[in-house]
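What follows is a pair of complexes built around subunit A, which joins subunit B in one and subunit C in the other.
And then the complex of A and B:
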């Protein structure tokens, strides 16, 4: 008598995509019992060395297993410097929605300052009733809020799709300038209210205390809406590479505007037109004109497993796992294709699905061992959807370098090797 | 015990409500007022209209030797690039297939040149050059790009008046409605 196939094992899309419920209900356990690799009785008698002696001592600050030391950011800095550049998060080695603090990507313009929090002050001045200094002791007494949200460098991903030929690199090296953390700090609006903003004000200038005195103009409306002076990241004080002791955090906006090591906010009537908002972080269009102030990061997703940097061990059941995010709001839907975009199936979104946060999506996939192209496309709650690479290039050309958010295709060859491909 | 007179009770309620509203809006109110001198010392930003530019002046002639000493090793002779960014040339290349963005071909405001040098250059030793030297370096970069003459004096009055060649080719994407968004593909 033919067995009825469980609903979870019915195809949901072409080339082996299975129903997303497979990974929601423990179906995998029922399915995989035969491949668990149980120990033989002889092996079971032989206890591993870590069971035959007490483990290492307690410690004041934890460290990861030495077996995980190979999971590293990939630093790349401007010639003649070791701190002006970026380090890319190894996305293919991580899971879930939160980025561990030591692996959070970096983008610095003149290295990481070693700031003594006892000597650090924030000045708020300009078009305000009172010019005010705040030291860290004062800031830590203000009401705080916590928000789990992503931050992404606007230059993220351009190497994944703008060059003529696909660049051969890992998923993290192509897309790793994005991270998601729980940020805790003081709403900037509280401090601006205390200073008393002049009705003529339209912008603020935010400036860091690094050697670049990195500065960006930010609309006052954003500063009053949801801007945060972040002091904690994932529960502990910010790391120096993320702006210790205090950074600006602007949910959904391109990363460099969330100025790290924040020392000064000047309330102004007009933008300052700093180098980092005109000469850099502006979008050159095909006709030679340039867009200024393209602040929000658009909807985007990428499959982080399988992905370049990982290999498939052979045909069989796999979990496709990836990240989706949008600077405009919550992720509404992620679809996955395993047949180069011919058919798409909806992936499971892992709760919680938060506003302007990374959302983890997952999908079951039975790989039959034949060369395949897998991809994901995300839609956010505003209806914005990731464009294809062709559509994005048709609209914006290839000279813009910032805000690249096209659908990413990974090619898997018969040997299980995964590579960046254009599809 | 005598109750408060109605008017006094109302006044007290109002004052309590105001105090609570003030707390909700302003937090504990721990900001320390900064003196004008402190603000002047901290404020290093410059607006495109020249607001914030300090006293002093310089010319390209004066800037050339300063450039050789502090900038040449990273940016090459005459701003043609070495290890780091090319600072001169590239004019007319932005609408072609291989755009070359330099101070002269790309930057919209001359004030930004002064502002950027003063806040972060030279890379190994920012905040080491005098305002005079920064005016002279700014003038030298503008001269290398054919924007001003070699002996033209740059100061708080003349620098904001310099018209950068690419100035009119910038479009504001903010505030909203300033432009049309690039089309995004919609899912079927």
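And then the complex of A and C:
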């Protein structure tokens, strides 16, 4: 037994939730999750085989452990294609705020173009005083900024809640069209200022250099506010699956507007009404109308551990860990329930909590081994809060596919198996 | 000519340095670096070959563009070995705060062990009430925290300044034993609390599971303060070259104390005086004495662009971009000179400026094409400032190899070639 029974181990919510001060410095004592007692000290001191001979060589470009090869995105493509679809980030295998580049989700409309950066050009034209062309060398000489922010496909998560019966899939397969990176690039406003925007302009059209020429209209106000021409992601040059050599990045807006492989920006008076903003990326409402131009992604959270794809090894202490984000600003609060929403307790937020970034939240939980339902709900600095699934369906029906942000419930059975449930 | 001649384009220092407000929202206008005028609008609108057929497929684990394959660490190993040495991060090819995992520098003493995480054990013993053993599953159930912080080999940079004549090498080859990551893991204090530390304890010994059993003594105060058992790096599990499946992480301390492949922590009354803290990682001073246990890394900065390994394409606007960090806390200020230190101007710091993290600084520079010397000097929140090379050598001589943190000067000749110079 511990010398002191600290306040941290007092319940903060029903069914075993412990107070978040457990995550603060000096706040923990005597959790007892890890003292296995399965070995003697002599056995533990014995040298394992990998200490008996020199290890592998230094290298120019590192790779991960073969024991982690199973951590993969899940690609899913339209029939007859291998590049028109998406691949989902395995959220349940990851931690922290940053998504590693090889596991950042994908969404392509006609595969990944293999662009020679030496031949790539970006054109700015339309309602401007002078057309501008940039090659990558020229673009890279402009002042840059770095920002750690999420990007989320507007079609993320609807399969987790809209079907009649809960879909049986991993956390990443249900919610993995979201990722967070440090983006570095040139503010678009600098280049638009240089081109000289006509007072009649209200929109821009951004077009990618893929075979689909994927294009979206963006309000000029957003383009002049915080839009970036992103060249680096998490320190290195963008990868082809994220728009190499340059993409548009629109913080907080639905992912496909952050046009990859950016080749053209046309300044316009009105939205272009492209296929990608009319036939797609629009939402049919119960009254028969369609929502267009729903740009910011709503406040959302999901518990990534425990979550489907992971198993609980038996009763005892666990860390509940998850991600929260909002296209409207910073996350203000995340609450967690371990008793199907009867009681809620506030989770610890990992600092720094950044504007339009993924915020990692954590909570300690002493699971007693009985069937349980765990949930999280996030609130952002504007006061927006995640709706329940019932409330979201009451408001938007079941025929929409974008901007699904309801509270996610995970059911844990007595054997420690975790599944998507409606609660 | 621009309609408005903004203050941003007024000089902030000699030889073309422009004011840092250029990097703030709305602060730029009419820089003219990028309008090439080399194409007609019709040429720019013509579709490149990669738009004429569907692109590559979605995938489970992404890779970078083949056009970026030349961006590599530079491995250098002791004679007769391929794993006892280091590999240097190519700083001149990177941007932002985060170092991508495959390019994080390496420093191994006997290669990289290929550890089966299912068989790895961590022992805590010595001056404790009870020995504790952890496997990775048990360790992963404890409360975790995430922190974005740098790690730097104490032997970084001395080749940039101690030889009689400046060494001709790239920025990364001279200063690339530093990197910054988001580390996620379990605070060591939680496990030491659980083991029950004896009041006589003052130190811990940390030992790695590599063939060298690399081991270092760490003051107990640091272990109880902010030491982490890091399991994730930039969102994914640690890679083998950074200590998979678990490493010690000591924010701000010289890199090799953050023992990789951590297998054993022994709580002790006195430092163990291991080979790695006596024969190595100690500094011979001019008076014949040796400095031991010089833990925190000093305040430092380096301009990564323009820098050796990159060339300037001709006169005009450039971004000066670099990294600053301090083992003592946050970076308070970075100043840049473009006239060999005659005048200095304050650079823009990329937010968020975090404790013991790399901070990216940037400055705009209008190069007139004449030979120039550019430099940066950082100050941290404790008031510590980078010394000049002359001052550092006057204080410490030339026989030390660790904790070299003098101001770095890059010389740029009339052809735009950049080289290490003493100034």
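Note that in this section the second predicted complex is superposed on the first by the 401 of 423 C-alpha atoms of A that agree within 3 Å, B and C clash if a C-alpha of one lies under 4 Å from a C-alpha of the other, contacts with A are read in each partner's own complex, and residues count from 1 in each chain.
Note that a contact is a pair of C-beta atoms (placed from the backbone, for glycine too) under 8 Å apart; a residue touches a chain by one contact, two chains touch by 3 or more.
Small disclaimer: the values here were computed from a predicted structure and weren't measured.
Once the two complexes are laid over each other on the shared chain, residue contacts for A:239 go to subunit C alone; subunit B is not touched. Residue contacts after overlaying the shared chain place A:293 against subunit B, while subunit C stays out of touching range. With both structures placed on the common chain, the touch criterion links A:264 to subunit B and to subunit C. Of the two partner chains, subunit B and subunit C are each touched by A:193.
Of the two partner chains placed around the shared chain by superposition, subunit B and subunit C are both touched by A:213.
By the touch criterion defined above, A:273 lies against subunit B but remains apart from subunit C after alignment on the C-alpha atoms of chain A. In the superposition on chain A, A:419 contacts neither subunit B nor subunit C. Taking subunit A as the reference chain, the count of touched residues is higher for C when subunit B and subunit C are set side by side. In the superposition on chain A, A:310 makes contact with neither subunit B nor subunit C. In the superposition on chain A, A:386 makes contact with subunit B only, not with subunit C.
In the superposition on chain A, the residues of subunit A contacting both subunit B and subunit C are 81, 84, 110, 123, 125, 130-135, 138, 141-143, 190-191, 193-194, 211, 213, 263-264. Those residues of subunit B lying in contact with subunit A across their complex are 25-34, 36, 38-39, 42-49, 73-74, 83-84, 94-96, 99, 101, 103, 106-109, 111-112, 115-116, 119-120, 123, 126, 166, 169-175, 179, 182-187. Across the complex, subunit A meets subunit B through its residues 78-81, 84, 109-110, 123-125, 130-135, 138, 141-143, 186, 190-191, 193-195, 205, 207, 211-213, 215, 219, 263-264, 266, 268, 270, 272-275, 278-279, 282-284, 286-295, 298, 333, 335, 377, 379, 383-388, 391, 395-396, 399.
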